[in-house]
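Each chain gets a letter, A, B, C, D, E, F, G, H, I and J, in the order it is written, and its residues are counted from 1.
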Amino acid sequence: MTLVGKQFPNLDVNAMNDMGDTFKLNILEEAKSKGKKILLFWYPKDFTFVCPTELHAFQAALGEFEKRNTLVVGASCDSAEVHFAWLNTAKDNGGIEGVTYPLLADTNRNLASRLGILDLTNERYDEETGDITVDGDNVTYRATYLIDEEGTVFHEGVNHMPLGRNVSEFLRLVDAYTHVQEKGEVCPANWEEGKDA
Amino acid sequence: MTLVGKQFPNLDVNAMNDMGDTFKLNILEEAKSKGKKILLFWYPKDFTFVCPTELHAFQAALGEFEKRNTLVVGASCDSAEVHFAWLNTAKDNGGIEGVTYPLLADTNRNLASRLGILDLTNERYDEETGDITVDGDNVTYRATYLIDEEGTVFHEGVNHMPLGRNVSEFLRLVDAYTHVQEKGEVCPANWEEGKDA
Amino acid sequence: MTLVGKQFPNLDVNAMNDMGDTFKLNILEEAKSKGKKILLFWYPKDFTFVCPTELHAFQAALGEFEKRNTLVVGASCDSAEVHFAWLNTAKDNGGIEGVTYPLLADTNRNLASRLGILDLTNERYDEETGDITVDGDNVTYRATYLIDEEGTVFHEGVNHMPLGRNVSEFLRLVDAYTHVQEKGEVCPANWEEGKDA
Amino acid sequence: MTLVGKQFPNLDVNAMNDMGDTFKLNILEEAKSKGKKILLFWYPKDFTFVCPTELHAFQAALGEFEKRNTLVVGASCDSAEVHFAWLNTAKDNGGIEGVTYPLLADTNRNLASRLGILDLTNERYDEETGDITVDGDNVTYRATYLIDEEGTVFHEGVNHMPLGRNVSEFLRLVDAYTHVQEKGEVCPANWEEGKDA
Amino acid sequence: MTLVGKQFPNLDVNAMNDMGDTFKLNILEEAKSKGKKILLFWYPKDFTFVCPTELHAFQAALGEFEKRNTLVVGASCDSAEVHFAWLNTAKDNGGIEGVTYPLLADTNRNLASRLGILDLTNERYDEETGDITVDGDNVTYRATYLIDEEGTVFHEGVNHMPLGRNVSEFLRLVDAYTHVQEKGEVCPANWEEGKDA
Amino acid sequence: MTLVGKQFPNLDVNAMNDMGDTFKLNILEEAKSKGKKILLFWYPKDFTFVCPTELHAFQAALGEFEKRNTLVVGASCDSAEVHFAWLNTAKDNGGIEGVTYPLLADTNRNLASRLGILDLTNERYDEETGDITVDGDNVTYRATYLIDEEGTVFHEGVNHMPLGRNVSEFLRLVDAYTHVQEKGEVCPANWEEGKDA
Amino acid sequence: MTLVGKQFPNLDVNAMNDMGDTFKLNILEEAKSKGKKILLFWYPKDFTFVCPTELHAFQAALGEFEKRNTLVVGASCDSAEVHFAWLNTAKDNGGIEGVTYPLLADTNRNLASRLGILDLTNERYDEETGDITVDGDNVTYRATYLIDEEGTVFHEGVNHMPLGRNVSEFLRLVDAYTHVQEKGEVCPANWEEGKDA
Amino acid sequence: MTLVGKQFPNLDVNAMNDMGDTFKLNILEEAKSKGKKILLFWYPKDFTFVCPTELHAFQAALGEFEKRNTLVVGASCDSAEVHFAWLNTAKDNGGIEGVTYPLLADTNRNLASRLGILDLTNERYDEETGDITVDGDNVTYRATYLIDEEGTVFHEGVNHMPLGRNVSEFLRLVDAYTHVQEKGEVCPANWEEGKDA
Amino acid sequence: MTLVGKQFPNLDVNAMNDMGDTFKLNILEEAKSKGKKILLFWYPKDFTFVCPTELHAFQAALGEFEKRNTLVVGASCDSAEVHFAWLNTAKDNGGIEGVTYPLLADTNRNLASRLGILDLTNERYDEETGDITVDGDNVTYRATYLIDEEGTVFHEGVNHMPLGRNVSEFLRLVDAYTHVQEKGEVCPANWEEGKDA
Amino acid sequence: MTLVGKQFPNLDVNAMNDMGDTFKLNILEEAKSKGKKILLFWYPKDFTFVCPTELHAFQAALGEFEKRNTLVVGASCDSAEVHFAWLNTAKDNGGIEGVTYPLLADTNRNLASRLGILDLTNERYDEETGDITVDGDNVTYRATYLIDEEGTVFHEGVNHMPLGRNVSEFLRLVDAYTHVQEKGEVCPANWEEGKDA
């Protein structure tokens, strides 16, 4: 069932920043305690080729998100060590050097499981051994969540593996939701800040 | 769990068109038998004020979707009779006169339940009577699905009640997915047809 | 099992009046707190052709019901917005302009489910997805309930979809029940106020 | 859940006629094999004072029902012997002498249980003895069923114990349903044969 | 399992007397509070031909039972109204006019079910509807219970439908049991008061 | 539930006769294969003082039962060896010398359990050991069964421990039932062969 | 599982002595409260031919057991009345006249069931009637228990039906166990009091 | 429940002989295929002091058992290797050198568990780990079984840990059982071959 | 329960080699189809500092393993892409450039779960959401498996996170097992090829 | 699941030392109360030929373990009596004379079951008898556990039956773990005390 209109899950997840620090990040608490909106975007794997363009695109728009009181957080199921190695790899070598927002390292899949965005299928139980085997790589689709200052999800979207995201659309959604928060008005189709609704 | 990467549910749903005909529409079969992509968008209720702007915006872009081999289908949980009354109400009176794409009338919520997009919460069972009572109006959020010619979902997105959608973003996603289908290339962030990937 | 002789279910339901106000209406509490009888009648759908005649007929008899200390309430599973649109549609256009009693908008079917008057059949459970699919439009039959000042149901009747109701029969039942309340006498067949029992 | 729109239960029940014959009567089969409509009315008990007036009223209208291809059947949970004693008691002594339609003697409550019209409440299970005890007299409310030639219920109504029925309303319902069968038209409120719909 | 040696069930049952009064009778409490023995005899149905002879025979012996501190109570599953009609029917017409002991009207079968004396067989559960259907008329066999001043059953006997009872045998059993109570002696076969044991 | 109107249980039970032979006796098969009625009477224990009088009384009436095509069988839960010892004990010493009908030795209580005539109460399960403990001596009350040539029980009666039976009453019941079998007439109260019904 | 090394079951059982007194005997409490060892021996049935020899043999050795602070108790599932009759039957007639130790009358098999020594096999449940039927006579094998002053079982042995016991072996076991109690020494094979261990 | 009168369990168990051979021994099959009686005796542990005396005593009587067509088998839960080490230890050093009958090495307790002769108590389940923990050493009491040529157990006996067995008593039991087999006579108490029964 | 003495699990797992090829590797089938022994070693995470030394150490000993007909396979739960990035990182930068044996990329933990070597603890189920949350990083301990040519595990060992392995000990174990295979001799403690056993 | 990183099970187990004393040893408490590391090694059976070499090898290295604050404990499922017999058997005769560390005698398998190191397979439940039968000898593999001063397991390893262990590898593991404890440094592959990491 959709998370829209509900609280984001309350979970601590390992994260890595560009300083090489490993720390715990709880998206729900971060939004509520700092009074900020959060854009959380998931990508399948570190060290692949389409993903870096999304990470760089969010980095390039970081100023615009900050103006809108919005934090950006990236996330995959790779380890903090792998995130750090990728952060230290030059953009020309397929790395993400220069990214300054934090990256969740959800190796135990606690959060991705609860969001239901892992490419796991065909779960089967081995009666003999009591073990569970699955198909799929156990990595996430390109899922994006917009969370407001109360921790409520106001947008969720999932793209199939090969489809990159459009950063400006998320800026539009943040603007529209802020408009609703401030004006109490519903935002019609194709609404954009400064244009007539 | 996300529908992305999976087949759209195989269900017949009542639908209404602008001629006043009531008919059954099965999104999965429609896509596969006609070899078309489908954009299916849900809105909460007929005869409200933000919804018509979305319905008119999709109508205005219908030619662009047709060029991309994509059908547009609207959907709410109102009855076919109510859809028809709204289709016969002038735009100036808050109606959707002029809309030519079909509208699902999912009064029994068979499809909306399976998609998990109803604003139902706090389901509780009455031990004494055996009945189930819920909170919420039992109408849908603004959910959108992009389905390909094989019936596979390649995008799903849900906006909170007051947030209208951006039609051009869906055109971009259709273009990007078509690019992947044709070129076998992954589409990076902010990719748009004709721009450098 | 019949509700006759039992308390009407204790449930808040959305309602719309001719002023365009949306409010909560609890039939049981309304009867008990106001010390009035209530006639609650259900019809299948707004914006259909047989239903308006019933709604107008109850409106025409409203004075007679008021004389008998009886409130009239209409009900369907359409939304309050749809009720309001219909209330604003002229009688000549198939609308119910002029109706002044409230209309329940039981979109979440909380009350209709408990009364067992929805045309739902063939409920089936999908083992794979955990979803329930049904046949039928999930709208109500033409059910009528007469509730006394204590909230006890003293008549229930259900007509098949195409059969309109006879308003005067309900006036007769209210009279007969009032006679029983006042005189402690049983009312024989074909009893009518003023006629010999 | 309402029986309207569904087949009447397929059950053999003991019956008595005015000749003193005991026989089995299956309402569903009777309607289908004879190609007749059936009006089945239940009353609480033989040898009470309000009940005879209803039985005499249906007897008086028997010709009208026959003109409409409709059989009349009475029913209570008393035994066939008791029915016969009552049939042999003069009207002046509170009897029903002169009634010629059959009376169901549902002593084992097979049919009344399935219809859910017994005044049983507060069922409780005795853990120690394995027995079930109930409140209420285990007799029926004044329930009425109209069944068509296919065995489908098109009206059901239940009156509280002290409320007698209006025979002419049932003639109106039979006429209206016949009109729907013949003309394929819906019958609006207050419709009566020969009057404008 | 036999009730002999155990307390009679503690249950209120509707009863009718020859004055036309309806009242509640609890056999166990009646015996204990009045310090009397009770003979309770069940017969299948009112208004049949073998039963009246038994009822008249117990009436004829009422004085003998009173001398032995023993109350007589009759019982069937007919209603109090039917009992009263039968009590008002002359003996020559198959009635029981002249009977002065009370008659249980166990219409809800609370007591007869617990005693296990109903002619119900072949109980079957309808999975589809959740209803239970039975064979048999749901009336009692000719069962007789002798209860002492402590509420303990000291004899139970059941005769098949067509076999009338022998009143003098019950007088003998009451005498023998009283002898045991008073003398502490066991009563051998064929023992009768005044004869050598 | 009463056995009257049902087949007697189909069970082989150990039995002893006055010749000292141990054999298996199946009451149901005995009645059906020999085309005889059977009177089966149970007594609590061998070698007690009240029981012999009953056994001698049935012996004395054996000729009368034979005239009525009726076998007599006695029964207790003592072993065949104990029965034989008692059969060899003179009447003056409290024995039953002279008894010629067979005696069931239901040591494993297979039949007595099924008839529900054992004085067992307060069954309790020991969670620790998995054993069941009971109160009572696990012997039978004075129960009597009359079975017809088809194996159907037409009378059952149970007397408390100290109450001896009246042999002539059983002869009357056999006569009455035979009368019903031959004449198809119901036997009223106090009916006796040769007397007016 | 063996009872050796565990407490004997704590149960009251009916018993008979040679004075004809019926009383309750609890083996565990008897041993502990009197500070005595107990030899409890079971035999299948009274009034058979092999059993008396065992009962007489234990009687003959009673003095030896008393010297060893050991009580002897016999047991079967026959009733106290049967025990008394057998106690009053001369030895020459197969009786046990002269036996002075008590005999358990475990008619309800409470103790024999718990010890697991009944010849019951092939227990089967009748789904239709809810009754349990067994094979076997429901009497005990020749089981023997030696219990010490604390109630602990230090020997149990079971012989098949036709095998009589050897009284002197039980005297040897009592001696050996007493030796262990006094000397704290283990008793080797073939150990006998006064012989070299 | 006792094994007497039933077949010995059908199980292969590891065994060791004095030649140091390890082999499988199935007591039931051994008895039946060789047409011999078997005496199976269990002792707690190898390399303890009381046990060797029993093993030597059975060895000394081996000729007597052979004369009676009876095999002797010893058994403990020690391994075959440990049995062999003990067999190679001189009697003076607490060994069993000279023993020639086979010894079961029931290390997996398959047979001892089924016989219920292990000193295991207080079994408890660890919810957290799913493991079972017990008290006691998991070795056997001094249990003895006599099995006939059909595999039927005709004697079982269990001695508490410190009580050695009496070999001659087992010879007596074999003789008595053989007497029953040959003569069909029951053996009374204290019966011995050659003495008067 | 230990895998030693059992077949290694039969599972396909993603793997990466130094050429950048992604392929499926099934350890059990690899051993059996190629007739080779396999050493499979797990390490916690790519891009950490202790792990590379183990990977380089196994690379350095690869010739010795090849001489012993033994394949070496590394494994972690990182993705194939991450393995490839690490394989392309110079040893001086903490990379594993130069490693030529394949690396399992068990991102879905199918194999690691079955081996029970993940550092997952405190698994808890969220009743509300139906999700499972765990503590620990969901990466593996330093586990090592030696599998023979039949797929049977002959050694398993697990070191806590910070403890590196000793490559020569695994060579010793392979030698010893080969010695057992060839000579059928057991290898005593501290056995090494060429030294006296 | 591996025990590494978790507390060793908290269980008392019987043990034997070279003085012939039987005592309880709890590995977890021993480590924590004495502040020592423990090496616990399991071998299959006493009195076999490969096992003694391991026991002697650990004895020879005892001084080295003591220098490292580490206790050595051996373990098998043989009884304490058997351990003592083996301790008293000269090395030349396959004994372990001279061993001074304690030996666990886990006859009830409480600890070995929890560790999952018994060679039990094919557990099957006998429906008829309620018993469990297994394959395998129910003895342990050559499993080794290294436990630190907090009771945490830091290494576990299991060798197949015929593979002896290498004592020096365990000394290396103790050194490496101690290094981690003291220096907080991870120990790379092939690390040895005094060599460069």
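Worth pointing out:
The rule is simple: a contact is a pair of C-beta atoms (placed from the backbone, for glycine too) under 8 Å apart; a residue touches a chain by one contact, two chains touch by 3 or more.
Just so we're clear, the structure is a prediction, and the values are computed from it rather than from any experiment.
Which listed pair repeats H-J comes down to matching contact pairs by residue number; over half match for A-I among I-J, A-I or A-B.
Put simply, the chain farthest from chain B by mean CA position is G. Of the two interfaces, D-E and I-J, the higher number of touching C-beta pairs belongs to I-J.
Mean C-alpha position of chain A lies 80 Å from that of chain G. Chain E and chain I have Cα centroids lying 85 Å from one another. Per-chain CA centroids place chain C at a distance of 66 Å from chain F.
Within chain J, no positions touching two or more other chains are listed. In terms of which chains touch, the assembly is arranged as a closed ring, every chain touching its two neighbours and no others. In the cyclic arrangement of chains, the order starting from chain C and heading towards chain D is C, D, E, F, G, H, J, I, A, B.
The touching residues of chain G, when paired with chain H in their complex, are 1-2, 4-6, 49-50, 53-54, 56-58, 116-117, 119, 121, 141, 143, 152-169, 172-173, 176-177, 180, 185-192.
Chain E meets chain D in the complex at residues 9, 11, 14, 45-48, 77-79, 81-82, 84-86, 89, 107-110, 113-114, 120, 129, 131-139.
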